[in-house]
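Each of the next two complexes has chain A plus one other chain: chain B in the first, chain C in the second.
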Partner chain A sequence: MSFLTQAKTKRFLAVHGWSGTLLGLLLYVCIFTGSIVVFEDEIDSWSRGQIAYHDSIGTLVDHKFRVAARNVDRKYYEEVSIFRLADGNMRYLFHTHETDQETGRIVEPIVRMTLDSETGDVIERWEGLRSELPSDPGGALRNFWVDLHVQLYMPNPYGIILVGVLGLAMMFAAVSGILIHRHVFRDAFVAARSSKRLVGARDLHVLAGAWGLPFAVILAFTGAFFGFAGNVGVPLMSMSAFGGDQEAMIETIVGVREDIDLTPAPLAALDFVIRDGMSRSGAAVNAIQITNYDSAGAKIMLQMDPSPGSLAPQTLAFDGVSRRFEGEAPLFGQAPSIGSSLLGIIGPLHFGNFAGLASKLVWLGMGLAMAFVTASGMLLWTKRREKDPLWRGFRHWIVVTVWGLPFAMLVSAVAYFITVPVADPNLWTPLGFLAGAVVAVGLGLRTESTEARLRLANAALCLAMPVLRHLMGGTSWAEALIGGGTEILVIDILLLAMGLLLLRKARPAVSDREIAPITPIQEPAE
Partner chain B sequence: MSGWLILAAILTSLSGLVYLAWTDPKRRRTHDLPKIARRPFVWPARIATFGPGVYLTIIGHWSGLAIWAGAVTTLGWIMAAITPETYANLRDDLHTKRASGWAKAQQMSKAALSLSAKYIPGRVLAWRIDLPRLVKAPTGTLQPADDIEALKARISALEARLHRLEDRQASDVADFEARDRIVVSVGENQTDKPLNAAE
Partner chain C sequence: MARDMQINTDVKQTGSDAHRREGPLFGMMSYLKGANGFLQSNARTVRWVLCGPTTLVVTVLLMMGAAHWLPEGDAKVDNIALPVLAFPLIWVIVFLYALAEENLVRGVAVMVGLIIGHVGMLLAVM
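Now for the complex of A and B:
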């Protein structure tokens, strides 16, 4: 299977191992948190204790939107976004673009309105710059875990770039791993041999790596794309092709509508446009974007859910006055292209959100498999060198990280639930994570049975979490069952199941518990 | 419809993978399972494994293809990662638990009936039914009221597990000694001694 000579294989193995060892711990954090935040929407409604609203935007939007828009200054009509929040209420964002007189930078003044979807009453209204939008305390847990995955909770853009580098490292590790392993297909069914020696650990790593290869490449590539596209790719492209002028680049790629007619003209009936879009796409409308509202140059863009069988969602463009269908708006460029189509599937392939819970569950499984490959690879590399005390010590701290990360995440959730009614969870959730990490490190200082202790600590928190959530005013199981809050039930049950499983694993092995020590037979005195 | 199609595709591929794993020569060799002389259904199993993916590609069901590929690789990995020994242990556990569970259920039903006979008047109990006689035992488990059989099954399962553990331990020790043994010459005779017993 291998196309490499023995010497090259050795060199590849060295690079594979060293790159994995140097970046492995961060990679593990990134992959593990990524597997969890596949369920970011579900985690959000679980942590808020709200029953999530699954319906799309609906078809009765028009009247409520026009009434709300009457109370907004015309200057904000430049761009309007309409979408439904997880709690079922509607969110309208009216915004424009201005140049800040002091800094000379472009800023986005915004009017944010939250409306009751049934009555159309305004629940909340906020005006200011987009960059000053107040943080949402209810979403603190979700936001923290997502930040941990996206930028390792580091300042922007360093965290995102580092995660991009980790994506590249993962891709290299996956490809080089297959190149150096000569019998990848022959070993596809070889379970780990029950040996304490190296071969058992190697079997575990190779098996998980071989099965997870296609998705390791996909997740690594798409992750690296997200890491580099905005912070490195765009500036590089503008430097190389547009002499550093990013605005010129965007105008070339996206196009500029120079002939916008701003003569006042009524917007076409939104409800008709929505129905038209749904019949064309076969899917529901996820969000609406209106540019130059209430003018003759208005445009309506419908962001659709992915239609059955497809990966990427469509965006349909309509004339804002005549309701004329103008075609599918490409994500990138001014006309549909292969590049735009490829760009459209990068997000769904990375987030696994194209087919609801089914695709998310599969993505969770693959993510955890990748986390297992990363951890088992590091453990294998250090096991080969365990005669050296330095490597032995590193191996110990790998175990602490592997079990300490979920523990710290659970402690951050505890901090969130405790502080959300009384303090700012946006502050306390990360602090909870830090406290959890310190406790994990503290448990790691005692070298004996660290893994068992951390496993037990994880089990205790998994079992306690649903109770704590309920005690702090979260939705009860009965309410969730009646109201259709499947996420709340599923996450609680998963936590309880995980807690019981870890508890069972934390018990000593059968042979240690049940087999009594052999007592020497007393020889009769002669 | 779409969900059922994807589920059917995953199950078809999984059935192919189960056959391939079960008859895989290297897996059998490394886990000391008896060799299988012929593998007549390898190609049908391969077609069953990959066929659904090809079908989903042909009909352009891209989301189904992504879910199928992810589910098959994840489930395939889990299936291949479970050792034959673990499968055997699970089977033994299931067998003994079913047997002992059935015996417990019978004991409880007997106790409940005797309590009812004690406290409920005879006329009311005219319809009383001997539950253990009425209810058939599940296929493959022990017959009703046969506690001793349940115990025997448990003992034989534990003995089988013990034998496997002993075999594994013996092979591990043999491996270890074969690797670390050195030959120490004593006079004219040559004696094999382990490293730590060289003195």
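Now for the complex of A and C:
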């Protein structure tokens, strides 16, 4: 069923196709990397080669924290964060706020400590400004892939805003896809025709698009929100609602605690507070924040994992001295509200982490389906115009990008594993990606069998990666099995399976197998 | 010959129709016809401007304006949070309207009306 007249349908189809063609390559990069970094925590522990400890900070925190805090200047007690790292060690951040004398800006002096979670020994201590915090070498691969997705590795805020624009384009593509396709719901239940011509490829595009539609709308909406909210939305709203007075806005949103009693007073037993929070929420504690530690005005905030059956995680507030439960702290504002509740579910909906591995797997699968829809849409659009050498050339480079992106990501992983023991992987991982991209472009310069060669290169790297990881000192499969490091095992096996699958699929893919002559298809597509 | 015919036509249109041509309503109608002609003859450019920069401006203004007419809620933040949250949705709706509207004059009028209305409201309250 179509809601549009023929003229409108043509107009919608033109914008659907052109916007997809112009922004499609970037959109593909964004969607593909997004699908992969759904597993960012698992990738992090896999790349570190360590058994992951799954967030929860446990219930025996109090003593080790107090011992560590004794070695920190009181001025840093203003705000303290406690959380567990992927390698199982504990991280304490003590920080305060000061006005920089030269620039007049607010800066955050910080003391960062990493402690062995078993012995409580300080493994690392760093002091300085938050803006100068050294990057964690072990997390270089995860951070690079996440940056690639979040801001296309461009400077902030341009990259994030560009990704927001891509989110808007994806939203329009999804909505207009429903409107221009007359039988979208019927075709969702019809298998693709096995034709080797354009019609078969179009069937696959429609099939994947129809099933992925709700997911595409959710991801595009939440992605566009993340792209615009911080850099555009909030500043504009502060201008509109508060006449540009950002302090007044912050006061409304997070509140200002006046007359804080800074008289020294011992903090309530953290372990009791943690148990109290867990019994109230039914979930484990993800992180702890303490404001004005060791004073009568102290507050303890527990950031919980999502409770069973709940999308958004809770934050529970306690008095820092008496341990009295003060209620659930809303994400936005100082009291529960519709706006805060809706904002709270944006993150879980975008990251797909609300139901553990099951939801992450669905998000990965649907994300890859959307990447396929984007790529196949561009290939269809250019196939219809391939009599023009310009379009034919563009089509070739779409194929290079589709296969070159995973190849460059795999090369960045190779660079990470090789440089972790000897150099700074924060530098070499992006350089590895660049090298991979250059190689992919080089392979694409010869127009014949580009796809087959890139597929073979991807297969070789997928098969080599687990071996390389192990050779560079990563956890062995036996150690992973005994220690419960399922992430390491699963990602290695997935890479091997993907490598074998790519090797086995010797027949040319969609882009190469469509043979001339092409049956012209009347627009609008049915 | 042609000049004579033009004169004759002018003469025929005097009399009872004269007051219509000189009234303010006729002036406005004539202006709108001219505007319609301009929009139709530049339909593609107008559509681009409507769907591109105009849609963005209207979306931003609708978001900013909503802070003043949406209920604040008990926490006094709903009027800030909901418009920021709805920004992508507002953009898509305005964009779809700008693209789907067959009558360009009406499309331009709606968009310009939204801009003027919201700019006026924001200037009054800010």
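Please note the rule applied: the second predicted complex is superposed on the first by the 505 of 526 C-alpha atoms of A that agree within 3 Å, B and C clash if a C-alpha of one lies under 4 Å from a C-alpha of the other, contacts with A are read in each partner's own complex, and residues count from 1 in each chain.
We adopt the following convention: a contact is a pair of C-beta atoms (placed from the backbone, for glycine too) under 8 Å apart; a residue touches a chain by one contact, two chains touch by 3 or more.
Everything quoted here is computed from the prediction, not taken from an experiment.
Clash-free side-by-side placement of chain B and chain C is the outcome of superposition onto chain A. In the superposition on chain A, A:L349 makes contact with chain B only, while chain C stays out of contact range. In the superposition on chain A, contact of A:L481 is made with neither chain B nor chain C. By the touch criterion defined above, A:L129 reaches neither chain B nor chain C. Of the two partner chains placed by superposition, A:A423 touches none, neither chain B nor chain C. For the three-chain overlay built from the shared chain A, the minimum Cα spacing from chain B to chain C equals 20 Å. Within the complex formed with chain A, the chain B residues making contact are 2-3, 6, 20-21, 24, 26-27, 30-31, 59-64, 66-67, 69-71, 73-77, 80-85, 165, 168, 172, 175.
Taken together, the chain A residues at the contact with chain C in this complex read 4-5, 7-8, 11-12, 15, 167-168, 171-172, 175-176, 220-221, 224-225, 228-229, 232-234, 236-237, 239-241, 243, 249, 252-253, 330, 332-340, 342-343, 346. Chain A makes touch with chain B in their complex at residues 186-197, 204, 207-208, 211-212, 214-215, 306, 308-311, 345, 349, 352, 354-355, 358-359, 362-363, 365-366, 369, 511.
Contact residues of chain C toward chain A in the complex are 47, 51, 60, 63-65, 67-68, 73-85, 87-89, 91-92, 95-96, 99-100, 102, 122, 126.
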